[in-house]
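Two complexes are shown next, each including subunit A; its partner changes from subunit B in the first to subunit C in the second.
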Partner chain A sequence: MVKQALLLVLLGGIFAVFYLVTEDLSELYNNFGKTYFQLNGLLETGSRNLVTAIYLDYRLFDSFFEAGILLVAVAGIIWISKHDLNEKNAQFMLDRYKTPDLFITFSRIVYPMMLVFGFYVIINGHLSPGGGFQGGAIVATAILILYYIDHDRETNIKQIVTIEKLVFFLIVLVASLSLLTRGEFFTNFMPLDSSVASKAIYLVILNILIGFKVALGLWTIFTAFLREGR
Partner chain B sequence: MDGATMIEWTAYALQGILILLAIAIVLHKNNGTIIILIASFSLVTASLYIINNAPDVAIAEIAIGSAIIPLIYVISISRQREFIVLDRAMDEFIFIGDELAGIGYVLLHRLAEYYHLELNITNDPGLCSLDEAMDRMLCEKTNVDLIVAKDEETGKYVFKGKRSSTLMKKLQQMTQPFDNIEVILFKDSEFGG
Partner chain C sequence: MIFVPVYLVFVPILAAMIIFLFQKPKMAYLALVAQGVVTVLAVWYFLTFRDDYSQTFFTFGGWNNLIGIGFRNDAISISFLFLSIFIWWMVLIYTFNAKKDTRNFLFFLLFLEGVFFGLIQTNDLFNMFVFIELTTILVSILVAYEKAGDSFRAAIYYLLLNTAGVLAFLLGIILLYYSFGNININQITTMIASSDLSETTTVRFAYVLLMSGIAVKSAMFPLFTWLPRAHAVAKSGVSALLSGIVVKGGLYLFIRISLMFAAAPYDTSMFFFAIGATTAIVGVMFAMTQKDIKQILAYHTVSQIGIMMMGLSSTDSLTFSGGLLHLYNHALFKSLLFLGAGIIVNVYKTKNIKYIRGVFRAMPLLSILMIVGMLSISGSPLFNGFISKSVIKYGLTDAQYWLLQIVNLGTATSFLKMSQIFFGPRTLSYPLVRKREYLPVALLAVACLTMGVLHVPIADFVLDVDLAKFKPISLQYVFEYGLMLGAGFLLYKYVIDKDYKPVQWIRNFRISFETANYMFLLYFTVMIGVFVVYPML
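Right after this comes the complex of A and B.
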């Protein structure tokens, strides 16, 4: 009873503090950032999609740690899933008798389309909604469907994890290239006065790298779950 | 009714559906239905994102929330639901002719019924041809839950499984009255090892 009363008082206190803090929120609402990105976003970064402009140029430092979160999550899942990295994938053949034929046939039709759509979302990330993370997730889903088509498939997880780490380093390297050309970290390596089209080269490269990294990371998570068949 | 108010009311309706779906997810008992409900929850959330002019977030929500997460749940739940038995004895203990009718089968069937599991008995030649010393590794590294073997010297049937499984404890209890059945439990490897 006392505990519950204390909890209620605590919640009330938190709410009161929250209310006091948000009272002068109107000062925080302004259009400075929005208008700035609208006017200068395309010219400064070469990206028609302003979300990509922010996460690959203005705030690349943040995205770098976001990519790191997935790396840490994969490491944690592999550690919890109690399996040796060197071991090949456990056999999926026991499932062959359960997956419906209709599902397998339909997956064969859908698989290439999903792969192509995933690559489209990755490569077109600076022009249309989407980008490395979203496209990578779509590609990873396509790879997961592959496991339903081909049951005896074996995956070397150690290789995938190594490639993922290498790609993470490549992302950091490409992001740091701007130190040589512009004299500062984590921005576009093309000079500021170059054309929009040449600035897009950097965006495409980084989107492809992030897409690969996300797809490989999610692939590792799937395989860890698939092997955990007990 | 013009376009703007129409979109506004659609957003209200979608938010109402979201609340209903959340309550349904909490209250439902059937795992398969819950997975479908979670996937539709993500779809409704994605449409709300699109109404609020955030197509990038909507794509991520659809890819993660309604494709990857339900598939991971499907994998985990389908793995949990079956009890995989590797039949190495290959005599009348489980199969009589082509029918599943032996005394061992009756026992295992009773166990599977008790825990609402699907019994999956296999005598896959690839797994059966492995050395008997590999049994412990087989239980640990693959999804085989139980190995049925026959001791050639004493003529006893041997059930081998993991010590940590509650199913094996129940099986041990059930097989106590039978003199010709022996249960061997393997110790689990260290966590993370």
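Right after this comes the complex of A and C.
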């Protein structure tokens, strides 16, 4: 009881100060970044979606390590969940008698749509909201639904993990191509003054690779969890 | 040439992935190759830029440096770089085994190395956050690597508490970006110096958020509770790595953020000195009462971090470099002690110092090396701990000086207690020790002695400070140290060894995760009180 009261007092105090902070936010606001991206984002990176412009060009170095977090988490979960990587053919706990038929039927309808939507979000990442990270998550969800449709699916985790690592290599490789063409690390390999359309080639390639990597990573994670729950 | 920092980050990471992909135990040699490449690159880089560090700045993609991510090096980051390369070498040699399948371990170890190099060299706050997050995840995997119940619990404790701290750090970055329009550390430093933005409530609040996140990462009082748990259950090599260098990552952030806000009119030195002193005293109190050899060492890390904070919190540049020097020295002797303790624990199959006896007769060489480490940490003349403690002491007032002496007394006491393991009859006839494990321990002991005797040229070369007035040995110092040992022995004999109720109580005192979170909120509120509310009144 004393603890709860203390917690209330502490959180109340922190909230009060936070409220004070929001008072002068509007005067403080420095919009340097915002105006820079609005004015130069499309011309410099070739991406209409400024979020993509930031994570695939201006701050690509961060994106490697955002993808790296997933990579490390996957390796960590597989190591900790004790199962040998060589163990093939996971039998899942999904029980076909407990999954309603309606759900399975609808899954069959939804599955291709989700897959297509996922690819759409990945490929159009530089034009509309979305991108590799988001699209990859959608594709991974579609693959998860696949387990409901087909209970006896075999998954070779080892292969997926290998491909995931290779894709990470490819991402770093494609991103460092710019060192050869422009003498700069981790940016678009097209020259800075090339057209928006040709710059988009790089964005699409990188979005696809990142989407692929994220989908594979999430796939491995939930496969490991499904095995664990068995 | 200017891109060497990028190679430093990616060489270990790519090597880690290649080792993971090829499933041959022999691939482990690639780790040594990668480590060699990193060493050569770092030396080459240092020799090129040591005269003028301002040339090291570059931005990825060649963008406007307020928009893109920049890397930058200076004397502090370069010395951190060499220190971490050295400790990673030691841990790699210690754990290296080409016969067993260690590729998972090497993967995490080398990945962590690359990420840590990035954390050291980055000049961008958000990039820093990404690296801290990745470090947190990697360290919790390394802690849980043994897959025992204890290590799982410690890893989850570590992960959750540190994630809370890292989130506070992120919130701070958001507020800074809002008010400064960029997150380039250099640029924010100049903007703070040239405008009065740092006096607004928002920036003060952002400072509090950043600093409370860092307090968790660097294990300051009262948020150090994750450290003894995590460092005591990990493998010995990993413990050495965590205590030696990874926990210093938090202190490195502290240095960076303090320097960033150096021009701000905040009164930080009093507050952080108090935090440092409390951390040191509480840490040493816990350390004195422990019986588990790795717990003792882990709690000493806490108390030594407190001593470093005493130095680093100072605005005086000499005391500050004393704190920095103590940080480097601590990395050396604490890894030495952890690696040595690892060998002893392996041989005796117990961590309880009550049941380990006769180490000197069974393993004389190892005992001598361990004694070098103990003399260093307790601040004996001629050893490295003594030099850095003297530099810190030099800048303290009388009251502060006695606080530090109390901590030293506690350190001496607990290492007198630990030295009991050397005495007694030989219990094991032929201890099985791999020679490879001796090499890093011996190298670290040599490094401790070198830093103790040749501190003047080393400090001048690396940090550009003149320590000529600090002598490694004199009759007075030896006498003072002897006095300290005598007092420590009395304290050990008549208080600790008798195992009174309060001693037992401190030994068994554990802070639950729930309480740790209350502590975090409390610490946060106190910081708000000191840095936001008090200046407004």
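Assume the second predicted complex is superposed on the first by the 197 of 230 C-alpha atoms of A that agree within 3 Å, B and C clash if a C-alpha of one lies under 4 Å from a C-alpha of the other, contacts with A are read in each partner's own complex, and residues count from 1 in each chain.
Quick note on the criterion: a residue touches a chain if its C-beta (ideal position, glycine included) is under 8 Å from a C-beta of that chain, and two chains touch if they have at least 3 such contacts.
All values derive from a computational prediction rather than experimental measurement.
Q: Any idea whether subunit B or subunit C touches more of subunit A?
A: C
Q: Which partner chains sit in contact with A:144 here, subunit B, subunit C, both or neither? Use first/second/both/neither.
A: So A:144 only meets subunit B here.
Q: Once the shared chain is lined up, is A:131 touching subunit B (first), subunit C (second), both, or neither of them?
A: In the superposition, A:131 touches subunit B alone.
Q: After superposition on the shared chain, which partner residues are touched by A:110: those of subunit B (first), subunit C (second), both, or neither?
A: In the superposed model, A:110 contacts neither subunit B nor subunit C.
Q: Just checking: does A:173 make contact with subunit B only, subunit C only, both, or neither of them? Give me first, second, both or neither.
A: A:173: touches no partner chain.
Q: Which partner does A:163 reach: the first (subunit B), the second (subunit C), both, or neither?
A: neither
Q: Check the residue A:121 against both partner chains and state whether it touches subunit B (first), subunit C (second), both, or neither.
A: In the superposition, A:121 touches subunit B alone.
Q: When the two structures are overlaid on chain A, which partner does A:225 contact: first (subunit B), second (subunit C), both, or neither?
A: After superposing on A, A:225 lies in contact with subunit B but is clear of subunit C.
Q: Is A:49 in contact with subunit B, with subunit C, with both, or with neither (first, second, both, neither)?
A: So A:49 only meets subunit B here.
Q: So in the superposed three-chain picture, is A:79 touching just subunit B, just subunit C, both, or none of them (first/second/both/neither)?
A: Touch status of A:79: both partners.
Q: Please report the subunit A residues shared by its interface with subunit B and its interface with subunit C.
A: Subunit A residues touching both partners: 79-80, 82.
Q: Under the stated contact criterion, what part of subunit A meets subunit B in this complex?
A: It is residues 49, 51, 79-80, 82-83, 87, 90-91, 93-95, 97-98, 121, 129-131, 133-134, 137-138, 140-141, 144, 218, 221-222, 225-226, 228-230 of subunit A that touch subunit B.
Q: Which residues, counting only subunit B, touch subunit A once they are in their complex?
A: 55-56, 58-60, 63-64, 67-68, 71-72, 75-76, 78-79, 84, 120, 122, 124, 127, 141-143, 145, 189, 191-193
Q: Give the list of subunit A residues in touch with subunit C in this complex.
A: 3, 6-7, 10-11, 13-14, 17-18, 20-21, 23-25, 28-33, 36-37, 44, 57-62, 65-66, 68-69, 72-73, 75-76, 79-80, 82, 162, 165-166, 168-169, 172, 178-179, 182-188
Q: For a test of understanding, state which residues of subunit C touch subunit A in their complex under the given definition.
A: 3, 6, 10, 13-14, 17, 20-21, 60-64, 66-69, 104, 107-108, 111, 115, 118, 126-127, 130-131, 133-134, 137-138, 140-141, 144-145, 147, 152, 175, 177-182, 197, 200-202, 205, 518, 521-522, 524-525, 528, 532-533
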